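There are two complexes below, and they share subunit A, which is joined by subunit B in the first and by subunit C in the second.
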Partner chain A sequence: MSSEIAGDTLRDELSRPAGQQKAPHGKKRKGVTERDRPLWLLAPGGILITVIILIPLVLAVYMSVIDLDQYTLRKWLATPFIGIENFVEAITKTDLLRSIWISVSFAVISTVVTVPLGVAAAVVTQNPYRGRAVVRAVFLIPYVLPSFVVATVWRTMLQPDGIVNGVLHNVGIDPGLWLNGPLSYWTLVFVEIWAAWPFVYLLALAGLQSVDHEVHEAAAIDGALWWRKLREVIFPYLKGPVSLAFLLGTLNHINNFTLPFVLFGAPAPADVNVLPILVYVTSFQSFRFGLSAAMAVVSLILIAIPLFIYLRAVKLDVSDDGGKK
Partner chain B sequence: MSTLTRPRTPAGRTTNKAARNGRSAQVTRLMPTWLIAVLTTLLCILVLVPIAYIFLASLNTDTGVASGEFWPSQFSLDSYSKIWGSVGLGKGIINSLVVAGSVAVVSAVIAVGTAYVLVRFTFVGRLTVLRGLLGLQSIPGTLMLLPVFVLFASIGAWLGITIIGTLWGLFIAYLTFALPFSTWVMVTYLRGLPRELEEAARIDGASNLGILFRIIVPLSWPGIVVSGIFAFLLGWNDVLFASIFTKPDTATAAIVLQVFSASQEGGAIPVYSQMMAAALVCAAPVVILYFIFQRYLVGGLTAGGVK
Partner chain C sequence: MEITRRNFIAGVGGVGALSLALAACGGSPKSSGSGTGKVDGTGKTLTVLVSTKPQYPDEQKAWFAQTAADFKTLTGAGIQWETYPTANDEMTRIQTSVVSGTGPDVYGLGTTFTPTAYSTGAFVKLGDAEWNQVGGKDKFVPATLGISGPDANNQIGIPFVSRPFVMAYNTELLKAAGIEKPATTWDEFADHGKKMTKAGQYGLAIAYKDNFDPWKFIWGMSIQGGNPIIDGKKVRIDDPTVLAAYEAYFGWMTKDKSVDPAAVGWGNAQALAAFAAGKAGYFPMTSPLSIPTLDKSAVKGKYKYALLPMVPPGQTARPSGGVAAASILSGDNLVVADYSPNKDLAFAFIKMITDTAAQANYYKIFGEIPTNVEAAKALQSDPLVAPALDAASKSVATPFSGAWGDVQLALTNVAVQTIPDLSSGSVSEASLAGRLKDAQSKAQAALDRAK
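The block that comes next holds the complex of A and B.
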């Protein structure tokens, strides 16, 4: 773990004695924890999560198999059960499959571009130099800015009479509309990349800081060329953080509602009708609640794949001597 | 590379990071200087050119921006004073501060208690809860929006109160969605705290709550701050729930800005300068929080692994 991170330094320092004396204390500790555990402290969070997340999750699945629209919403408990009709309609009569394709391709392209950008940014700020702190702060800017702010400012700059077209016109290029038509897809990809690469940068930075100094020395003694050292010595250390960036990045891109919603509005142009927007519009603009719930369930299945890999990969119950890696 | 084969001082032996960086930076260098310079410059341009334009446009006049100026022919702070009237941004910012601020405090309090039990005690289902904390962070908001909406509407009708359209509904929703991540941040933090102090306190007769308030809470302030700030950011940055759960007078800053920006298209003279100013004002609280707590936040992020 990084020693630049105050919290982690504290943790590492404090946990060392605990780790050393772990064995003799093991038995006694168990005795303590078995006795009068304050499990009621779990209640506030547990109740909230049950009522506002778990029950609605079940509701979402239930709504996907009933005929729910604006007329039946008030009496949703008495709404007729229609089985998989919503799913059939979603797949055969709506843009669902096209939206899945747009969402997945958008997420994959964004991830594939942001990972090298983020890793490069971490590598170039690894060695100290005058002004590095400023560069690091600059790299964090897109990450720090709220999504809705990023989307608003890009939307403004990409207007037909906005600055981007103004500058491009001066160099003799007239690309046309950015926020509508076929180019809008690439607008979405570009803005997402612009906003998301610092996330990879932060993960890669933590990975780089776990490289031992001895490893650098060994590579130096071998006289390895920089790119060989980078590829064969340093990058293996980044395998963990980069896989994490791949998984979480892809999940975040697929789930991103704010960016397309604020950039293009809802309903979105056909080329950027990503899954979250489609689900949202079907619910709250077409009022086909059952149909929308079916689409949402399909999107949950879609993200369950990377999510499952992620949950399997994370060590949940590490002991005192290590964080999550 | 000559820099790599150069004879070295025994600085590598020391574990002091500062001394290490100073004396042996050549050894840890990962790229030739020119490449570092090129990549750094490119990345900075990628970030700073749009940012510079946003600042300049916000300091320009609406007509100046509309005529395509990059550098304002005339600097003015007019846009920053106009947005309070034309956009109604003040109300939105106050709503956002109230909701996100209370979510931050309450979720941090709940997260400490929950994490304490999860880290220090064993019980049936503990691993399921831990796994759930991670899994729930990735549930798409678009899946939750409709059922939570229906639930709030039904509970409201049943109890004879209004939930949808009030800040309370928004508060409850954000609080719950913030909890899995806030709790996870606290779990990773508390894992690093030594048990010795707690055990000593227990021998001295301290109760579980005594240990929580006298030992855990004072020792874990950095973790508490991080989990609170992430909860704040969730509330501040959300558009999805706020777009459905608010009325015009309870709209958050994000919604006010989004509605303002959407209403610009097709207008006679677009007020792009005001838009940039409003966007920067909406970003300001978040940016300030980040730069005050930067060191803690970056650590919390890599511990939790989610934005």
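The block that comes next holds the complex of A and C.
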């Protein structure tokens, strides 16, 4: 089939390390799908990527090497070039590294908790039963609520004299402050998990839907009990969607600005001074646009390294069948 | 909206790229009038950016319509109103306009943001001609001009409304505690707070979690002690006056127990609500804008305003060099964008809304204190508002420096990071000193960059 040829060729191209000679079997004539491909059809996507990603990225890198602040903003094209000074300042004189650590740890913890929650919820709602539609709808509530609303409601409930402390006080527990101090980090993790797990649930549900009916039958005929069937038959189907959920979830957590901003305000308490808040305060309260762009570039690089390793490990970029193998 | 790195970059940088294209298509701006006499704006539209008034949405809409109609009659030009809901949106709008060189002709700015706006160089500096166009400097209450620019010859802000900070007090609670008149020193204030605190009632309503209140207290007490915080080329956050100010401010809760422990999570609105419920004797750091709320509350007819204390903590009289600052100079300034092709129209508009009748009308609708001398004088007969007018005339401008935003941020951050200690019941001098040191170095770095 031509699609198989295309798939194989594409895989060959991608799996060959840059700069290496093509393997002998790759010298065969180009397949029919490689000749005269209408690449111009990629133009709309290419233009969008250029406008939305590449130009801002180039601007960010440019801003990170100039002394752009409130005094130079008006004539930003004539702003003095200062090389790596912003980077040195970002790393040595600001809370950048601490903020990166807070952001990454918070994001990873949130993801590690939301993934099993989401998968479990998907499994629970996979088989039809009375009231399943209602359960599925309820599961989606945290996901459809805007982040601003979620944060506002939780902020109100977690006030020192709020409902949460009121209830805990009645059972003899005095938890202290939720929105400042060491507990605030766990507040952020908890609220993020509350708001984000349905995303994993949705992706896992989509994965489960793709399991052929015959597979269930075959497993039943082979006498597999539920746990074995789940572990050895169903979970392999979920590898692709859940890997994707892990990746997108972690990035979403790292980039989430609204939740910490509304929950804790700016300037944020030190324990929840996450990266987006730090960049925001540096940009829009201190007006150090060059410095904040340098922070953004540093964090982009630091986050891109594990991301790249992870992408290679799960082969999300090269798998042509959604990880069904 | 989630403001991520990319959004931010697209916002600031992308607009910049766009501005090149716009500049290429825009052509050269032309002035709309001669600068004297009646301005003819027929067929033109003036764009005005002001803050929204969430308390008075319908009234603001009606005021927009009426003002636009009056302006049409006066000049023949229309007005396109634009609004911003928060200070953050205000900053974002200004930054994008500054970068792109396009946007509103007239901006309504919070007074403390005026130094930052000035430092961008994107707004018209007011010479004699411009002041004449708006009706002359003399028509404004002199104190309100204190934050229009770094000095009298370099001003960009035309005062529109004054929002001086005063202290609300519950007349019944003061009387019950045997207090004859409101405190005039901060020590007396703390003492009164203790006297009025009893079961279910606290002497003071303080918004410790507010994003603005803390620095206003600290700056006020410091300048009363002779420390303006920015002193020439030096930031003085590591000064003993600042430490004393923070100790007094936190001490109301930790030592005196005169503040509801829940106040560690309060913004100004929650503190106002506690006062409005009759559960607090003093509510400092408010303005006559709280009248509508208080008049609908349990304390209706039982509250008055007074000047905030003007003697620093630990003192019985202001030390030499101390400034009698009743409030920060607060309110709104109007500025005209340098890129505006409608400058004459803009000044005609500002003249119109700062004239006596318009200012009196604005006060009637929104409760905002006029900056116009005549309109302010007319209010002096109202005993409820008189202390606010007094505070307006005794307001002192925060230092006019592009670094002020960072100083403000550093002072607020000290309060934010101290809240866990405050909640646990004790703020040690060592931890406070450490935070002040950090604030000092950050603020000093910002001042060193100031141009």
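A few comments on the model shown:
Definition applied: the second predicted complex is superposed on the first by the 245 of 325 C-alpha atoms of A that agree within 3 Å, B and C clash if a C-alpha of one lies under 4 Å from a C-alpha of the other, contacts with A are read in each partner's own complex, and residues count from 1 in each chain.
Keep in mind that, in the parts below, a contact is a pair of C-beta atoms (placed from the backbone, for glycine too) under 8 Å apart; a residue touches a chain by one contact, two chains touch by 3 or more.
Everything quoted here is computed from the prediction, not taken from an experiment.
Contact with subunit C, but none with subunit B, is seen for A:Q285 once the two complexes are overlaid on the shared chain. Touched residues of subunit A were counted for both subunit B and subunit C, and B has more of them. Contact with subunit B, but none with subunit C, is seen for A:L225 once the two complexes are overlaid on the shared chain.
When both complexes are overlaid on chain A, the residue A:V112 reaches neither subunit B nor subunit C. Residue contacts after overlaying the shared chain place A:I163 against subunit B, while subunit C stays out of touching range. By the touch criterion defined above, A:L97 lies against neither subunit B nor subunit C after alignment on the C-alpha atoms of chain A. In the superposed pair of complexes, A:V88 makes contact with neither subunit B nor subunit C. In the overlay built on the shared chain, the residue A:L203 is in contact with subunit B alone; subunit C does not reach it. Applying the stated contact rule after C-alpha superposition, one finds that A:N127 touches subunit B and leaves subunit C untouched.
Of the two partner chains, neither subunit B nor subunit C is touched by A:I173.
Touched by subunit B in one complex and by subunit C in the other are residues 52-53, 55-57, 59-60, 63, 73, 76, 147, 159, 161-162, 255, 257-258, 261, 265, 276, 279-280, 283-284, 289, 292-293, 296, 299-300 of subunit A. Residues 1-6, 8-10, 12-14, 16-17, 88, 91-92, 95, 98-99, 116, 119-122, 209, 211, 260-262, 264-265, 402, 405-406, 409, 412-413, 416-417, 419-420, 423-424, 445-446, 449-451 of subunit C touch subunit A in their complex.
Looking at the complex, you find that subunit A touches subunit C at residues 52-53, 55-57, 59-60, 62-63, 69-71, 73-74, 76-77, 93, 147, 159-162, 176-177, 179-182, 255-258, 261, 265-270, 276, 279-281, 283-287, 289, 292-293, 296, 299-300.
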